[in-house]
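These are the structures, in structure tokens.
Paired with chain B in one complex and with chain C in the other, chain A is shared by the two complexes that follow.
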Partner chain A sequence: MHQYRMYWAFTRKAFLRSAVYRFDVWSRLGSNLIFLLMWGSIWTALYAGREEAGGVSFEAMLTYIVVSQFLSGINGAGTPLWEIQEKVRTGDIAIELMRPFNVPLRYLFADFGSVAFYIITALLPLYIVLFIFMDLTVPASWLTWVYFIAAAFNGFLIRYCIEMAFGLLSFFLVETGGIEDIFYFAMSLLSGSVIPLWFFPDWLEKIAVYLPFQGIYYIPNAIFIGEIFGGEILFSIGIQLFWVIACFFLLRFVWNRASHKVIVQGG
Partner chain B sequence: MPIIEVENLRKDFMIAKRETGMMGALRSLVKREYTKKEAVKDISFSIEKGEIIGYIGPNGAGKSTTIKMLTGILVPSDGKVLVNGIVPYENRQKNAKNIGVVFGQRTQLWWDLPTIESFELLKEIYQVSNERYKKNMDTFTEVLGLNEFLNTPVRQLSLGQRMRADIAASLLHDPPILFLDEPTIGLDVVAKEKMRTFIKEINQDRQITVILTTHDMEDIEKLCERMVLIDHGTKMYDGEIALVKERFGKTRTLIVDLEESKQRPPLTGGEIFKEEGSRFWIKFNRDEVSASDLIAQITKTHNIKDLTVEEPEIESIISKIYQEGFQDLPDTVKV
Partner chain C sequence: MPILKYVDLYFKLVSAGIRAQFQYRFAFFMRIIGLITAYSGTAITMWVMLYRFQELGSWSFFEMLFLFAIAILSWGFCIILFFHFRSLDTYIINGTFDRFLVRPINPFFHFMAMRFDVASFGQFIFSILIFIWVSFEINIGWTFGKVLFLFASIIGGILIQGGLLVLISALAFWTTKSEQFYWVAMYPARNLTNYPLVIYPKIVQWFTAFVVPFGFVNYFPAAVILEKETPFFPAYIGYFSPLVGLVFFMIAYWIWMLGLSRYKSTGS
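Then we have the complex of A and B:
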């Protein structure tokens, strides 16, 4: 119990810390909106006036993009990859080994705080307005909303574990550019964040389905617009939970190796 | 029973050999060669509760490697470490609650938040009770004058303020042991003095054991009775500071600026080893002649515009010990 009080303290402080960087919040929201406009126009052009493509209506596709940008706002508000790499490089993260807490867990809870701040002050107001003024698909049943929120949260956890694990690889590498490239490639393409998986060529779809990245954007998104429905919803969330656990163990493995390296080789 | 016990401690680092040239670079992709560096070779000491010891040595002597092993963020290659009955690297989080650490070069406070927020966070991290927290904060606020900047973000604090905040932060959870790594680095004379007074006070009032690493000889002289001196990963001396000073720290340098330097001032007991215009550097042995005696000699013939007396720095004492050997020093480890 005491432990959780401590981690929540990180959440509270990160929330306050975000308030210090108001400009950061606005600029992030600005770029989020620009990407939304860009992908919105690209998909409008691709549909070229058609009502439907690949069995998905234009309205649903547009909704997919809007929800995707919303999720990307959430996932981008935590500690970014470069910051983790920076903390490894400066040794800040090694110093945290001296504290009586679990380091990856402490960063997760801090991220909860900064993400909550960003959602409340920026994302929700903007996206509520968008949903009011645009013709978008909205889940009819409240249960779908619950599933969507659960799936989005799972996606957040998967993304966190992967990003943190990738960031911690800096402990073992001198050059981290390649790691970043792989991470951002997987994040933008394989996750289905800008192109839904049903538009992928068969071979790529097969690959994407067997990777954790689809759990971050594609699954919550597809639940939202009704592409995944009925019994498939729980199945998809089950797959996500599998990846949450798998990625958690991946992160734990990388972290154990990294801290082992620090305490044995001195970083 | 000693609060800190270190026995035959050793730490080797494996350093990847960098090969030169194109072929070397290609070769190292496949097969890396490592060289072993012995950062700490064979160090033993024990510290009793309530002591302040100066842990000193030149850069790269193995000081911070030892400290890291005591804090549990480095595993020894060999030997025994016990801190308050705990093996630090086996039980890092438990050990963390027994120690406070201050790095002069690196703050442990949260950069963007008002100082008070860092304290509140540390209260939760170390699970400090409300009464204990309030009591400690009251004391530190009074003694360290924290209230003038509690609501200022850490990044806006002056170095002196930051150090005061950092040392208060390290003591919030009442650790029986405090590690101070260059706690006065970069501070002005007044701030240094305040810091030293505070360290002395918490050591006396709370019986906190302090391990101090520093390059500032004055820190050592004002705070510690005992010092452990290491170089190249081995212990060179462990005992009273007075003894070292007695033996190696007798040479002083008197620097005088004379009004007109028609000729060198005649001196007995001192030796001019450098001159620049009207400034003279005079080396003397404290036991043979006093500074005031030398000054009196000079003023007979010259007018002195300005003067300073320099004590030997810890580095030069160390190198002297290195040259002259230290076997003839009695090893006075205190009980």
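Then we have the complex of A and C:
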């Protein structure tokens, strides 16, 4: 219990720290909006005036993109990966290793703080306005909202664990260039962040459902617009939980190996 | 001839930079592979997107690839010449910018020749492969005139995007911030132009034609070469791309020099 109080302190500090760098918050919101404009326009043009495509109405598809952009705002609000990689490269990470906390958990809790600040001051006001002025679908039952929030939270955890585990590879490889680009591409496409899985070619969809990425955007988005409904919701959240646990252990494994490596090198 | 002297000096300065980068050959190849995979990723996303829908605002997959490749090719040159302009703020804050002022050459030129990023070979390889592939897949009807026009519009695209980088860097003279403006404004805006502008709201199209002339980088020229319609704009508008680039770059250069004249060292 005492331990968690310590981690919450990081959350609180990160929240306050974000409040100081308000320019960052606003600028991030600006670029989030431009990408929303881009994907909104792309899907409007793809539907080209049709009421529905592949059994999904235009309104639902547009909602999917808006929700996805909202979630990607959340997922991008934490400590950027390059900042941690830079600490590895300069050896500053050694100081963190000496302190009595688990470093990946410490960054996760700090992210909760900066994400909370970003949601409250920037994302939520903007997206509430968007939902008022655009023709979008909103879940009718409060239970769907609960499922959506749970799924979005799970998605955040999956993304955090995978991204961090991946970022820690820089402990082993000096240059992660090419692999990193493949990783980010896979994450953006296979998570369904910009194209929902049901529009994929069948073979690609089959691959995507067996990967953890779909839990980040596709599952919460699809729950929100009602494409995943009924008993399927709990099943999908179950899949997410499986991936949260699996990715968490992956992160722990990579972290243990990586910190060991630092000790060997002497930082 | 001062211009010849500057050209000679430019090659001397950059060849030193190139030799330095080739010392890290593994890093160099990894970065090129990284760039090519990142761009291929965008191309694959386009393919998946059009798998069920066939076309986006009357543009087919291969036409979109062509549009994308023009943007990447001019961006590759832009990275070589101007990409480091975005981090002028770091130089000003650290006080290292002053060394560009104490030498007997134009500071703009000196700053420009300071870096030469060889990883932009990634952009060249990617875009040239795409040009070849697309030429086999769709009938572009290449003529000598079209090839010439492609080159001219690439130069236009370099000048427009370079001008924008110069403008962003000039902001550092007034606000001591520039890098951030790149990531907030220009990076997402460049992403917008990977897709045909016709899909965006009219005001955005108008903005990218006449305010920040991104439309002249790839959309208007590609429409001319592929003989596609550009709704709301006359079909010949693409031919103005080199001229627009030249004018835009001159304005950007002028603003940069204006900023320079009121620059005061931070003294640190």
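Keep this in mind: the second predicted complex is superposed on the first by the 265 of 267 C-alpha atoms of A that agree within 3 Å, B and C clash if a C-alpha of one lies under 4 Å from a C-alpha of the other, contacts with A are read in each partner's own complex, and residues count from 1 in each chain.
The rule is short, and it goes like this: a residue touches a chain if its C-beta (ideal position, glycine included) is under 8 Å from a C-beta of that chain, and two chains touch if they have at least 3 such contacts.
All of these numbers come straight from a predicted model, not from anything done at the bench.
Enquirer: By the touch definition at the top of the document, which applies to A:L37: first (chain B), second (chain C), both, or neither?
Expert: A:L37: touches chain C, not chain B.
Enquirer: A:M98 in the overlay: touching chain B, chain C, both, or neither? Say first, second, both or neither.
Expert: The first partner, chain B, only.
Enquirer: Quick one: classify A:G230 as touching chain B (first), chain C (second), both or neither.
Expert: In the superposition, A:G230 contacts neither chain B nor chain C.
Enquirer: Classify the contacts of A:I182 with the two partner chains as first (chain B alone), second (chain C alone), both, or neither.
Expert: Second partner only.
Enquirer: Answer with first, second, both or neither: which of chain B and chain C does A:S27 touch in the superposed model?
Expert: second
Enquirer: For A:R5 in the superposed arrangement: first (chain B), second (chain C), both or neither?
Expert: The first partner, chain B, only.
Enquirer: Would you mind checking which one, chain B or chain C, touches more residues on chain A?
Expert: More residues of chain A are touched by C.
Enquirer: Looking at A:G49 after the superposition, I want to know if it touches chain B, chain C, both of them or none. Which is it: first, second, both, neither?
Expert: Neither: A:G49 stays clear of chain B and chain C.
Enquirer: A:L204 in the overlay: touching chain B, chain C, both, or neither? Say first, second, both or neither.
Expert: In the superposition, A:L204 touches chain C alone.
Enquirer: From the superposed pair, tell me which chain A residues show up as contacts to chain B and also as contacts to chain C.
Expert: Correct list for chain A: none, the interfaces share no residue.
Enquirer: Could you list, by residue number, the parts of chain C that touch chain A in their complex?
Expert: That would be residues 26-27, 30-31, 33-35, 37-38, 40-41, 44-45, 48-49, 51-53, 56-57, 180, 183-185, 187-189, 191-192, 195, 198-201, 204 of chain C.
Enquirer: Tell me, which parts of chain A touch chain C in their complex?
Expert: 23-24, 27-28, 30-31, 34-35, 37-38, 41-42, 44-46, 48, 53-54, 174-178, 180-182, 184-185, 188-189, 194-195, 199-201, 204
Enquirer: With touch defined as at the start, can you tell me which chain A residues reach chain B in the complex?
Expert: Those in contact with chain B are residues 2, 5-6, 9-10, 13, 16-17, 20-21, 94-95, 97-101, 262-266.
Enquirer: Quick one: in the complex, what on chain B touches chain A?
Expert: 11, 13-14, 39, 65, 68, 71-75, 89, 92-94, 96-97, 99, 101, 103, 106, 108, 110, 112-113, 117, 120-121, 124-127, 153
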